[in-house]
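Worksheet: the structure to be examined is printed underneath.
Labels for the chains are A, B, C and D, by order of writing; each one numbers its residues from 1.
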């Protein structure tokens, strides 16, 4: 099956961001979205360890380990950025000041429930939650960026999450390597699908009922999409 | 690029409506957004609920609002020395919710930080208990205090850049910093607009994510 | 009756302060204590509007109305001082970080209850509480500085406060223009009395039972006292 | 005059006892007081309860404490990538209280600010509800989260003066600022001790009232 490459998925999400706003990119795959923001973007990136206006990673050899992102990787500060402590940073999130948080996920339910911090199956390893739960509750909009199905071919979009929940009813939009799906009060609505894919084909790979307009937008394999 | 600079106080208060809740920063004259206060008067709005530490004491502060009778209620810690307010209070034409100052500022912080409330030891065993849920934790009584939010917050800063990063001058920081986190529209009157990048990222007190409008005040 | 002058009372309290510590001087009379601290004092004064290491008032003409104390009077900042917002300032108080708050009072009870924000009798004037209640709850020790009796000759130290309470059981020490009295689990204990005053005389002016060692310390009329 | 400068990390940890609760600042390596961590090891204390965002990941951080088996319990948001801790966790010789990061830092703030707790929307409907009182305010459920305090807080600053005023370096401020308000003894490891008066009063992040000891770290 043809799917969007990870970088093209990141590009697709980037192309859907508004031209201005405060955005938190979750650790892992969503961090890559930053690479596809235009140079003159009005998007200001937040990282929960206490920084606004995160810039690209520094040239090799110029890393400062006091200037890192939530994934603990070296970054830079863009002009107009600021530092603050973690209580202020999480107050920003919990208080609804972030416009969008873009997070990875193990599962998303038809009602927008999110499971992204634990698969519940730890074989004895210690669990870790970090800022996942806080981010999922606070931002004005929660977008998910993930593969449409698991490596084993199981749907990640499900009727009801079987993994431990991160937050209830918070997801508004799902970007996968096959489709863009809006979580609405009336259910999951397909906004766009990868070219060549049919609604029936997408439904087969999805664990909850999908609705779609007569002609969903088309996602090209480079991550761009039709209007 | 983000640019939240507006021309003047009139633009800073645009959208303010009858019945809105408004936070006004300042402790005494320090941190008091005087240009903004005058601009609110010019809009003709009425029936405001005001959250502020004081209730005015001279002719260029909240006294103007009370004189114009545009305040329905004030949430306040120290409305004494507020002559115009006192007249209307005596006449029963304005409502007062008296809140200890530390509780007032912490309730505003809770509003900005997305909390549902907090447990305070302050006021237990006093009249400030009235109407509040008492919760015992570890054998000690606390009062459940609820968050405060507003439609608009008007505060006075020292410098701002076009992104909306703000610093304050000395004790003028007071209630301004938390108020600038707790309103739908935060408009900050500053002495000076500076270039983006000019403010030290370590010393910005209100990061731009909290700020919707900034403007340079006129000469006082 | 001979009583300590207000300035001598302030001096007496100043002489009882430790050589180091964080102290808040309540608005009104306690503010005057600052005038009697030695120049090399290790006492760092806090003001609840967001300042540590408050210095003396500036020379006339050099006032800056952005640099004021909780009484809204112009001050200066001493070296090593700092500014912070009111939520941090009250966190300092409520969190028990201040060593001593010295407050005025209308009444103090034998159990250390404090009434200092309202006489309850406002004849229609609006009440005001400011930071009084917060200060009384938070500091490690609450000292009271007040006249021993009211202008009408009524005791301010009482069995039970009749005025609205500020806080319950918080006062540890009372400095009046006649005596220094400790509030202990066993009751009110006279530590020192103005010279010439007898315990019986002091008791007559006090609304709650006083205890005293065989020989309380003596307060001289200049505010100094015997060891 | 106040002077809280101590000679080295050994003096900074003096008084630490078996069974104490200890906060350790840092997010990853930023804000991590590495000299202090080693000095704790040298004291021979045991049975510590540790409050920290992470549980160590290399050979000069909290991993040292787990390797020496001096930790009874850790209150933590992200102990993954902590190999030595993980071994003991699997063996059941160390207890973990997993707390979402924003709740962790807000609980520490509440401890330092003298609150009895706060109502958080975070964790409602998840396993993080377990054992917590649920309180409904205005039709919305919140979890009652309790304050965290400690016997000692160890954090890493950038500059300190002899009074104990402290600044931090970039994102190294993280959990350090609130931890430095919430312990009986706060000891801060800094890059540099400066003269009293040298720090900008507007830019001091931890005012000296919170700080008991500061020392200049050795060359790393």
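Methods note: contacts are C-beta pairs under 8 Å (C-beta built on N, C-alpha and C of every residue); 3 or more make two chains touch, one makes a residue touch a chain.
Keep in mind it's a predicted model, so treat the numbers as computed, not measured.
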Shortest path length from chain A to chain C (each step joins two touching chains): 2
Of B-C and A-B, pair with higher C-beta contact tally: B-C
Distance from the mean Cα position of chain B to that of chain A, given in whole angstrom: 35
For chain B paired with chain C, centre-to-centre distance based on mean C-alpha positions, whole Å: 30
Separation of chain B from chain D, taking each centre as the mean of its C-alpha atoms, in whole Å: 32
Touching two or more other chains - residue numbers and ranges from chain B: 106, 109, 113-115, 120-121, 168, 170, 201-202
Sites on chain C at which at least two other chains make contact: 77, 83-84, 90-91, 93-94, 137-138
Chain pairs in mutual contact under the definition given at the outset: A-B, A-D, B-C, B-D, C-D
Interface residues, chain A side, partner chain D - complex: 47-51, 64-68, 72, 77, 83-87, 90-91, 93-94, 124-134, 137-138, 164-168
Chain B residues within the chain C interface of the complex: 27-31, 53, 55, 77-82, 85-86, 89-90, 96, 98-103, 105-106, 108-109, 120-128, 168-178, 205
Of all residues in chain A, those that touch chain B in their complex: 20, 22, 40, 42, 44, 46, 52-53, 77, 79-84, 88, 90-98, 137-138
Touch list for chain B against partner chain A, complex: 1-2, 109, 111-115, 161-163, 165, 181-182, 196-197, 199, 201-202, 204, 207-210
Chain B residues touching chain D - in the complex, by the definition given at the top: 106, 110, 113-121, 135, 137-138, 140, 142, 144, 146, 167-168, 170, 200-203
